[in-house]
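Heads up, the next two complexes both have chain A, just with different partners, chain B and then chain C.
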Partner chain A sequence: MQDSLILLVVLPLLLAFLLPVIARYLGNLSGLTGSLLLLFNILLLANAWNSVGYSPKVILLGGFAAPLGIVFYIDKLNMLFAILTTIIALLLWPCRTHNTDVREYVLWLLLLAGCYGVILSGDLFNIYVFYELLAVASYGLVTLPATGASYIAGFRYLMISALGSAFALLGIALIYSFTGSVNIAHLAQIIPDHLHHIWGYSAALLLIIGFGVKAELFPVNFWVAEVYSHADKRVTALLAGVVSKIAVLIILRFIILLFPWQDIFNFLLLLGIIGVIVGEFAAFYAQDLLRLLAFSSIAQSGLVIIAFACATEAGIMAGIALAIHHLLLKPALFLLASHCDRSINDLAGLAKSSPWASALFVILALSLLGVPPLPGFWAKLLLLQSLMAEQYLLLLVLVLLATIVEAAYLFRLFMLFYQRQEMPEQKRITIQGQELYPVITLSGILLLGLFFLPLFMDSLREIAMQTSNIEAYINTVLGKVQHIGEGNI
Partner chain B sequence: MMIWDDIFLEVDFWINIVSIALIVIGIYGIVFSQHLLRMVFGLGLLEAGVNILLVKAGYQKEAIAPIVTQASDTMMSNILAATAQMVDPVPQAMVLTAIVIAAGVQALALSLVIRIYKKYGTLDSHVLFLAMERDRHLSLNQKD
Partner chain C sequence: MSVLDLDHVFFLLIVNIGIAVLWGNRPFVGKILTLLYILEGLSILTSYHVLLSGAVLSSSLTFTVMQQTVQWQLGVSGGFFALITFMAAGLATWFSSGVWARSYAPIRLLHSYMALNVAAMLLLLASNDFLGLFIAWELVSLVSFLIIAINGGRSAKAAYSYILYAFLGAMAILLALIIIWNATNSFSYVEVRHHWSTMSVNRQLIVVLLLITGFGIKMAILPFHRWQAPAYAYVPAPVAAFLGAISSRMGLFALFIVLLQVVGIDVIQTLWLPFEIINMQTFLLWLAALTLIIPTFIALRQTDARLLLAWHGIGQGGFMLLGILSANALGTAGGIMHVFNHASYQAALFFAVFSVSYRTGTADLDRLGGLVTRMPISFTVMLVGIIGLAGLPPMNGFVSKWLIYKALLDEGMPLLFLAAVIGTLGTILSVYKLIHNTFLGQLRLEHENIKEVPWSMSIPMMILASIVFITGYFPGLLLESIAAMQSTLGISVVDYHLGGVNTGKGNLNMIVVVSTMLMAIGMGALIFFVLGNPRKQVTQWDNYAGGHFLTSDMRYQYSHNFYPGLMRVISPLYRNTIFWLESAIVSTVQFMAHISYALFMQANYLLYLILLVVISLLWVLAV
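Let's turn to the complex of A and B:
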């Protein structure tokens, strides 16, 4: 049954290449095929969710056994991210805009195929290839508005991203030359003990920095504000919400399975906290709404990295909660903000002209900040608890200070929204009802999640347990072949 | 001095030197050059260096190409014996993929460079960065 999950990657790729032909006959309707495909993917995932159950599964591609063949690894964490990716992509699918170019659909499908591939792959080199697929599609999508500024932002993004990919490839080359394998489960047996020296550390740093480009990790995230403020709003929402979280997911797998060394955790904690502080302060000084959200998403990614770098089950649980929360919330905020894309001071009195939109924005932003009883509060609480448990008190204080800065700029924004003064007539922003539809759905999911909080916490704990179980990962992938393959690897 | 002579005569050593030099020059080109085309060239050098290191991961001294030539070699034991003298084919497969990806990315980068030149008439990254910020500022303040 779970073998059908390979279709997640195959179908978007297939449709991407067929779509130009389909568009010739169906014209504007061709976008619908993409939505149908995403619906089908959701069904596929929902169907497989139960059959995966408590034990993770593995798909052997081409029928070759694990260390030599390529595998897709399927556990609840991967499935969860795949489902969320599909939901967000379905909500953001550019079908409703009438004059969408067929090339835009193709790029979206390629991006999604890359996302699924990265999520499911259990093989370093495959992750690299799918990551590149995702990256190349995103370069195309970023430059879609065809303005000069979007070209420049896209070029700078391409350069930093290609630099990151080269680093990642270098890391893979290092690992391969020491171990002769790129299968993650096989490497998880070798690297933690046998590569615990300078080359192992170099490979770890190269891989983390390489994949950190998309994860908005601190030293390689200057592209974030430029790209998010110049790209199309849907692309921005997808990159900020989904793609950055998928990159964080890869880093999580790396530090759990391949590099479980305290020095690497400390390094990530350092990068994470710098990212949080820099992001929040940059957001504090940002002049327009999109940049403010872009910087705040750097800070949120930093929080997720900190949680993961605690490397305890509680930390992983907190990180997944934060990641899911941000993954659902940031696209909604970006969609709302794209309607009022101007400098912050011009937004005074927004609540008068579009009361619903500003109310939604305030609720979502409060959840981002972590005000109880909104979902964001519970995610942040988990993070603080896991920091307490690990005795990272300085980090705890820094995270709280960063939250105060966050509160300062968000409340300044709310005050502006609810000022009495009217917007000048020619500058008034009114946000139509139907433009709010994806935003309402996303906030609905978030707020509904609140009612199922205990249930959700339980399944998160289960997922965190499964994720931190290295033995299970190795046994699932290599289990059946271990005794045959041992000699000649 | 004999040890040094040996090292200098090793192919291995020179391959490492060349690839690391390419990587360093490439990174320098991407980070410090002010001209967009030079950045693309830097990327090309960087990727070439990484690819050489990757393909070197499968290199063995005095090994042959990983092709089973004789029909009798299809016996399992013969294949195992033969692989001992062959270079590892996996990095070669990987490096082919990486080369194709790198070529695609560089082509995309060059096409962006052309678009940027058509819009702004310059390829100076500092000037272009300021132009991007100015465009953003204009679009924020002139909306409807």
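Let's turn to the complex of A and C:
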């Protein structure tokens, strides 16, 4: 049954190759095939969700056992992210715009194949390959508007991503040269004890920085504001919501399984909190809405990183909650903001011209801020609890102070929206139809999810427990009795 | 009596919000809303005897998360504050229900925000654990922000400054809650109180200070006092009365519950600030005393009547805190009683001031005067109100202040008593300035045709004024619920009777005091009117100065630069330190924001990054 999950990766790749041919016969309808594919993926995942249950499963590709063979690792966390990716992708699927180029569909499909691959892969090299696939597809998507600004942003993105990929590859090479393996489960047996020295640290930093590019990790996130404010809004929503969270997921796997060293946690905590502070401050200064949201997204990613870097069950739970919250919320905010790509001062009186959209924006932004009883509050509460459990008081204070800065710029925005002055007719901004429907779905999921809060928290705790169980991961992949030699150290 | 009485109130509040949102613009709706508020107040009042016996009104509003059951139920403390809230909201809506509404365009917003505020406040008052308290607290902050920002312009600016302060407070509370959770694994009051001592002394200290900061910001405790006066002054009349009466008391309620019920005053008394400089209780008492004195003397300088009253609201908050923290049956009784008293006279005073500005178009104390003959009802209400605010008999403010003075003396705190007296002195000086500059002296020429405000506005004022008098005459009416509150909290209970209190060393019986006063006044009036020489009525402009006749266009109203002698002495003390600090913080944030933004806008960022990597690689290789 679980083996069918491999279709998640295979089908988008297949369709991506076939789509140019299909488009010749179906024309504009070819976009629909993508939507159908995503629907099928959702069914697939929903079907597999229960059968995965409490014990993780593994798919052997090519029939060779790990650590020699390639594996897909499937547990609740991976499934959850796969499902959320599919849902968001379905909502953002560009098939309703009439003159969509077939190449755009192809890029989307490649991006999705990359996402699924990164989520499910159980070895470093495959993760790297799918990560590159995802990256290359996203370069293309970012430059789709074909404006000068989007090319420049895309170039910036390309450069920093290339640097990140080089780092990641270097890290993998280092690890391989020391251990002779790239299988994560196998490495999880070796690295924590036998590579606990400068080369292990170097590999860890290289991998974290390398994958941190997409995760909007602090020093390698300077592409974020440019790309998010100039790319197509659906692409932005996907990058900010889904792709960044998938990269964070990879980093989580690394620090739990491969590098469970306090120094690495501290390093991530440091980067995370700098990301939060710098992101919130930059958003405070930002003068257009999309940049503001981009910077706030940097800060939110920082929060997720901090939560994961606690490396406790509570921390993982908090991180997942924050990640899911941001994954559902940011796409909605970006879509709402998609018509407001000018100075925020032009938004004065937005509530007059589009009252529902502004109200929705305010509610979602309040959730971002963590105002109870909105979902964001509970995620933030979990984060604060896990920070406190580790006695990171200073971090706690900094996170809370950053929230005040966040409140400062968000409320400034709200007051602009609800200013009583009339917007000039020619500059009037309205938000309608096409953007509103995914937005309403996403905020519906978020707000209705509030009623299932206790249930949700319980399953999150379960997932966090499963994720932090290193033994289970190793045993699942390598088999319970089988103990592979310690490699050629 | 049904157990789920609180559900009725919540239901009525939802109806209230619905009506206000849907039909807030209609002319009759203000009266319906007033009736609803009265009904809500009555539905609590009818089951008040249940509360007095120590039971609670429970609601079906509940949820469970993180193994914590959050539920809302109203105890006697919450009930007392809820009654004040409904009184303030009902009378404020009444005030705005008639002619006044026609002069105010966004009346629907006003009604809706008011209803939302009342609902959020009730949620806060009925909260039963830290999680529920925090949720309600944030809701109250948000809806207060809405209602403060209602006028746009200046008031929106004040609201922005308020919400930033409120978030600072909320974050402080959240931090305290997290520390508490870490130590006790619970949010419920009982559990936290039970496991309080598992926290280290330093943690206890931090938590208490954070809670004081967080809840204190709402009542504008020093040094967080700057936001409140502009926020409460530049709003329409009913909102000002409502906010001034009860809104900032939510902070006091939370502090009262948390400090007395959860932490316990005995813990506060044994906590010391670092290096044993000062005891926590003494520290807080002095903080309260400064909150009383400094805003009161800032109020003395104001030339806008609304700002003057708003600043006094902050100062009187300090008075309440002084009483509550004195850890004395009389003191806590006085502090809580002052909440009610302050709500009643402050609302009355705001109504009077706004009635004047409704007719004359200004609340500037330099541009008024002599209105007593034109607006006698407003004058009487203001007179009653300022006697209450100044804490003089026979009004209710006297009783609560007397209790607090007495408690401070009994507890052996003469310096704090002195501080309280200095605060009262400042109050008396500035309320005299208020009534003199508004109603006494020479009538301005442009105010010749001013009329009294219509009944829809004057009746709520008169009701408030009579409440101020009656609760001053029979303080036992309030002391009954205060005694019940004290016994449910497990602190020493005040020994009261209808006329006042019994203390070991002497009694206060307001019935005797007031009756004597009234008799004396009656006697004086009898002598003056019956036995005195015949009098001659003259017009208000029949004035002489230095033997010269003063015509009406010659201004002879002494209002600008009131108390010059006093001001010459104390004006060097006004240093605007907090203003300076506030702008320093704002500048720092802007500076940091600019730097962070510039960091992301670097053109050669990648180059720097690679350089950094190369250097760190070299460093790694060197090590």
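Going forward, the second predicted complex is superposed on the first by the 478 of 489 C-alpha atoms of A that agree within 3 Å, B and C clash if a C-alpha of one lies under 4 Å from a C-alpha of the other, contacts with A are read in each partner's own complex, and residues count from 1 in each chain.
In this section, a contact is a pair of C-beta atoms (placed from the backbone, for glycine too) under 8 Å apart; a residue touches a chain by one contact, two chains touch by 3 or more.
These numbers come from a predicted model, not from an experiment.
Looking at the shared chain after the overlay, A:169 reaches chain B, while chain C stays out of its contact range.
Of the two partner chains placed by the overlay, neither chain B nor chain C lies in contact with A:262.
In the superposed model, A:159 makes contact with both chain B and chain C.
With both structures placed on the common chain, the touch criterion links A:147 to chain B but leaves chain C unconnected. Of the two partner chains placed around the shared chain by superposition, chain C is the only one that A:384 touches, whereas chain B remains out of contact. Within the superposed three-chain model, A:281 lies in touch with chain C and out of touch with chain B [touch as defined at top].
Of the two partner chains placed by the overlay, only chain B lies in contact with A:136; chain C stays clear of it. Touching of chain A by both chain B and chain C, each in its own complex, is seen for residues 159, 163.
Chain C contributes residues 63-66, 134-135, 138-139, 142, 145, 149, 152, 156, 159-160, 163-164, 167-168, 171, 174-175, 178-179, 181-182, 589-590, 592-597, 599-602, 605-606, 609-610, 612-613, 620, 623 to its touches with chain A in the complex. Touching chain A in their complex are the following residues of chain B: 23, 26-27, 30, 36, 39, 43, 46-47, 50-51, 53-54, 56-58, 80, 88, 90-91, 94, 97-98, 101, 104-105, 108-109, 112-113, 115-116, 119-120, 128-129, 131-132, 135-136, 139-141, 143-144. Those residues of chain A lying in contact with chain B across their complex are 125, 129, 132, 136, 139-140, 143, 147-149, 151-155, 158-159, 162-163, 165-166, 169-170, 172-174, 176-177, 180, 182, 226, 229-230, 287-288, 341-343, 426-427, 488. Within the complex formed with chain C, the residues of chain A that make contact are 156, 159-160, 163, 167, 198, 202, 219-220, 222, 224-225, 277-279, 281-282, 284-286, 295, 366, 371-373, 377-378, 381, 384-385, 387-389, 396-397, 400-401, 403-405, 407-408, 411-412, 415, 419-420, 453-454, 457.
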